[in-house]
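Take a look at these structures.
In the two complexes that follow, subunit A is the common piece, with subunit B as its partner first and subunit C second.
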Partner chain A sequence: MVNSYRPTTLPEALKLMETRDMIPFAGGTDLMVKYQSWKGTLPRFPKDVLFLNHIPSLKKIEVNGETLAIGAGATLSDVIDYPRTPDILREAVLSIAAPGIRNIATLAGNICNASPAGDSICALYALDASVILSKSGGERELPLPEFITGPGKTSLGRGELLTEVRIPLKEANLQVFRKVGTRKANALSKLSFSAVAEIKGGTIDGIALAFGAVGPTVVRSKELEKKLTGKTLEEIKVLYKDIIDDYSAMIVPIDDQRSTAVYRKQVALNLLKNFLESGLLKEMQ
Partner chain B sequence: MAKISFILNGEEVSVEADPLKRLLDVLREDFEALGVKEGCGEGECGACSVILDGKLVNSCMVPLGAAEGADIVTPEGLRETEKGKVIVESFADTGAVQCGFCTPGMMMAAEALLEKNNNPDESEIREALSGNLCRCTGYDLIVKGVKVSAERGKDLW
Partner chain C sequence: MNDEIRKSVRRVDAVAKASGLAKYISDYNFGDILYARLVRSTRPRAKIISITVPELPDGYYYVDHRDIPEKGKNRIQMIKDDWKVFAEDEVRYVGETIALLIGPDREKLLSLLSEIKISYEDQEPAYTIEEGLACKGGAIVGDDNIYGEYNLVKGDPDTAFNNAARVIEGTYRTGFQEHLYMEPQGMVGTWEGGRVNIYASAQCPYYIQKSVSGALGVEGKEVRIKQVTTGGAFGGKEHFPDVIAVPLAVAVNKIKKPVELIFDRIEDISYTCKRHPSRITIKTALDKENNITGMTIDTVINGGGYESSTLIVLQRALLHGIGVYNIPNAHVRGRAVATNTFPSDAYRGFGAPQGLYAIEMHMSQVAKELGMFPADFKRKYFIKNGDMTITNATMKDTVKLEEMFAAADEMSGYSKKIREYKDDPYKGIGISFVNHGGGFTGNGEQEIIKGVVKMKRTGENSAALYVSNVEMGQGLQTVLRKIAAKELGLNYTDIEYDNPDTDIVPDSGPTVASRSTMVVGYLIQECAKKLKTKWDEGVGAEAEHHYKHPSEFKWDQDTLQGDAYPTYGWGINVVEVEMDKDTYEVKTTGIWTVFDVGIPMDDTIMYGQVSGGVVQGLGYASIEKCEVLDGKFRQHTMADYVIPTSVDFPQIKNRFIDNPYKYGPSGAKGAGELVFDAAAPAYADAVQQLAGKNIYDIPVTPEMIMGLEE
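Right after this comes the complex of A and B.
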């Protein structure tokens, strides 16, 4: 018999996490599908369930200094509605499911589900997001790429809860999110692409490029981004073929029920080319 | 099992059930709210849509325990309101209903949209209905039904 708990404060929730092995349940829109059973019967959760949606402090979204802090109970709709959400994250979140799901599902849940096709995750990589993992008596902050270790796998430790997502609010006058799916609403990504850049005086002051659903985790290379930083329009034109080749070597997708490796790779590179040729160059001219 | 209370169509109610039981099943079995339909059971079709604390949600995705204390409106509650009557009549007059299975969910999505935006354009209507599948109409007449609801109910929303 599986039990469930409905704590109303975070310390209470962390205490429960310390004493039992439980499934944290925020929005639950992935969990309810994963553990669904025959119609009209109870979902089959393998462990006790800890409901997190009765904890008001987790629902907060706020800006502290130059950091956006999104509580683990904030829904995708809350993230869309918050005025200081970075454009690219708003775009990515709007591409997830449909309004009825976005009103329940949480950003933290999208991260913890750690699907290679998680749309918010691709944008959060490009935004240099980190996560706060709390347990009774302490917390730690991990950069998102260190938290997500593989498809469906994270470095969440025993007794820990992901309580907050942090995003540094940096200047970025160019933000692009593209998702390729079978249909516009309620489709899982075949692949996705995120670009965040700050263009100053005709040169690239900072840039981040991330590709989703083309590998076990999001593909991003700080090394290649360093090569692009400080470059002018003319220099990017000269480097163009190298950039495409470098990324081509990194993007190694697989075939699955949603798409093929060949299609994913081709479209990922096309989105990169499109970004370099129209997005970036237009902004720099 | 636990005793869990919430507000259903304006009335305080409580039910003795497993907190993991889907709200969809609680509404249909324990409260005979049969306007809440089960289509896919996995959040894709919107047939089980209800309004929870003012927001459209798929009730197949919400366990009872997560809905404790919530204010829930089902199609049974909506159709008794002035706004609900406008939506029902507008859907009927525009031919937005064929087999009818998706209709209660579509009406909940329409109500959720009009509460936020009482003069939506076509793309806003299509976005608001994007989580509700209809296999009969091809959607055009449902979009029209929402548009007519907005016009007829402009003093209500």
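Right after this comes the complex of A and C.
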């Protein structure tokens, strides 16, 4: 038998988290599937449950200076509707499930579920997002890649709650999100691709490339991105084959019930090539 | 007159279903009910060594083969009675019923269920057609794993092949397909009037009656089956309900209390019958002028662990195996193989889609080899009235394929586009031609079904019709009312027609095989004519009508020779696609269909059948992947077993070509399965046109298309 708690303020929630080991529950759209049992019986939650969807302060989305702050209670629909949501995040979130689910599921929940196929996560990696982890008496900020440690695994500590997602709002004249799903809507990802770049005066001022569902966590390499930064069109053309080879070495997907490793890898590279050829190189001309 | 009946009316069930008022089996309240959970095999092939059941509290029951009454039999009396109600000493597939655990509290049931310990001695399983044919792990059935084999021969295929200038060959495979009806399997058994009653979501109340009474060892009428509003079926509620109704009936017979057995979705996808996978090899013999002189078709379908209706499915696959073509010399061979997968069973089309997929793909590929466009080549071989069929009878239909092709071509621009896209690697257009025999094969309506319908005058201006056929979303309750009303000069809303109850309705047969409008509708039409002559006898006047096979159609079931079907529906599908060059994802940009269903009984209902059938066929062709891993269906959630949504395919542009059938009501023919048959080959053909490479297997996934390019 598990207990459930429904705090209405964040301090109250954090205090509860301090006292016992609980599963934070926001929209519940992943948790209710994960722990579902026979019709007419209770879901099989292994621990007490903390409901977060009655804490008004967590629902806030706002811009502070050059940072977008999305509260852990903000739903996917809220994120879509917010005017300053970066385009690729909006696209990624629009590609998740169907309107009914998006009206209750949260962005924070999508992150904490830490699925390799989590669609928002791929875009958030490319956007350099970080998360705020709060506990009674303090909070810490972690870059997203440090928070998500493996399939379904995060570095959320005992007593901590993910309370906010932060996205630096940078200039980016190129933004691409592609999801390859099992069908056109209400589908899980076979893979996804996010790219963000700022081109200034014919050279790459900044670039981020992220690949989802092709590894245990999102694949992104700051090292390879550094190699591209500051380069001109001509230099990129020379580097082109190396770039593809470097990413090819990093992308090591698996076979599962939704797709194959061979397909995932090939298509991820195709999307990268397509971004380089018809996105980046064109923009630099 | 025909224009009158086809005019759309509001479906009698529209408001109840759209508003949520309609009551499905889960919505009923049977009072103090017990819940049942199946104790299932977790092994694909094993001997059961022992079963340990925990001590059960009062009011909890464990029901297994030992509870079958002495005069009964531990067999489900389907077309073949090989499938056991409860496994005894061996299991042949994962999910096989071993027992029922029953009690009032579901939480308690789950905890008791987890305490049941079964020890097995595992044996090596066979899953695929190849493993079955090779008798991997030893034969499961007989000494060769073959449930049955048939051979149909027309002309002299041996000589045709001996004299052939060239032979073109291809092997085509289709996979499992899950029905994914909106309402999962479910039923409630009660003890009322000193006998077992079953309230079921089902297509065939009398099939359930036969199975239940057979296992209990009682007369048919000693069990009552009441169909309740059924949320979809597609063949999935043809035989499978027997598989749960019989153990449920054994339990109710023992406990004498109401018991509910309703599947959850994952349980339903994991442990119900699917469409038979197939492997079909076709060889075509051509003479020096590139004319087809002969053809051999070797069909194998995967029947899974028990035979059930597999041989009847196989027969239909063979009878449709040569498609809409007149091939002078042909040999169609068919085998059904036993494996350790969940037994395969009925699914919209009943074998025909597998056969038609293979022949349509093959004919397109032969055309390509000969440097011709598919439609130009296929049209040369269209069967015509008076031509000889594969079962050596003359084609009795007036075949309007040419007129239908002209309509399809005009609507879709097929002939122009196939030339335009010839060298375009990203655009393709495909076409398929099919027919589908309405009603039971051969003289089955006469020999097996013997359908009876009854009607009664119930008021000044009202009548009731009594049939065992069910509404399952296809519109039958509206269409049969329209047919009766037309003869009686009444409004269709003045006709009463309830969900069938075996205590009340005669056995007009199962709701399967595209027979309900064509065969049962005709019986209603004729019965209504009789009732009209008795109308003046006043309220209570009754009429009854029995099926009589038209004497011009002859059939020998032992040799499968003669008129396989009295008439066929005919169909053409054109599908246009574009492929994404980076992801190999295929987008369907146009769907055009032309169907000859005799005369449509209601334009909107028939268009609903076209939309649903075609999109279901496109799902089968493109995304509905269903693999077996360790004997379990790998895609067993709705997240992984995906079917098309409304955004996956564009709206279908359809045209009906009238071609009335004289033994159909107002000229109607069977339509419910025909509308499924043509979509998969049209889609796969479109993709192979753009890829410039032959496609042999469905589903045609982006993963497969990428593989073609290598």
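The rule is short, and it goes like this: the second predicted complex is superposed on the first by the 285 of 285 C-alpha atoms of A that agree within 3 Å, B and C clash if a C-alpha of one lies under 4 Å from a C-alpha of the other, contacts with A are read in each partner's own complex, and residues count from 1 in each chain.
Quick note on the criterion: contacts are C-beta pairs under 8 Å (C-beta built on N, C-alpha and C of every residue); 3 or more make two chains touch, one makes a residue touch a chain.
Remember, predicted model here, so these are calculated numbers, not experimental data.
Of the two partner chains, neither subunit B nor subunit C is touched by A:Lys227. Contacts of A:Asn53 after superposition: subunit B is touched, whereas subunit C is not reached.
Contact with both subunit B and subunit C is seen for A:Leu42 once the two complexes are overlaid on the shared chain.
Once chain A of one complex is fitted onto chain A of the other, the partner contacts of A:Gly28 are limited to subunit B, with no touch recorded for subunit C.
Contacts of A:Ser77 after superposition on the shared chain: subunit B is touched, whereas subunit C is not. Within the superposed three-chain model, A:Asn103 lies in touch with subunit B and out of touch with subunit C [touch as defined at top]. In the superposed pair of complexes, A:Ala185 makes contact with subunit B and with subunit C alike. Contact with subunit B, but none with subunit C, is seen for A:Ser4 once the two complexes are overlaid on the shared chain.
Touched by subunit B in one complex and by subunit C in the other are residues 39-40, 42, 184-186 of subunit A.
Residues 35, 37, 106-107, 110, 262, 264, 581-585, 623, 627, 634-635, 639-640, 642, 644-645, 647-648, 702-703, 706-707 of subunit C touch subunit A in their complex. By the touch criterion stated above, subunit A contacts subunit B in their complex at residues 2, 4, 6, 25, 27-29, 32-33, 36, 39-40, 42-43, 45, 49, 51, 53-54, 77, 97-101, 103-104, 184-186. Residues of subunit B that touch subunit A in their complex: 18-22, 25, 29, 38, 41-44, 46, 49, 52, 55-58, 60-63, 65-66, 68-69, 109, 112, 127-128, 130-132.
Looking at the complex, you find that subunit A touches subunit C at residues 37-42, 178, 180, 182-188, 257-260, 262-263, 266-267, 270-271, 273-274.
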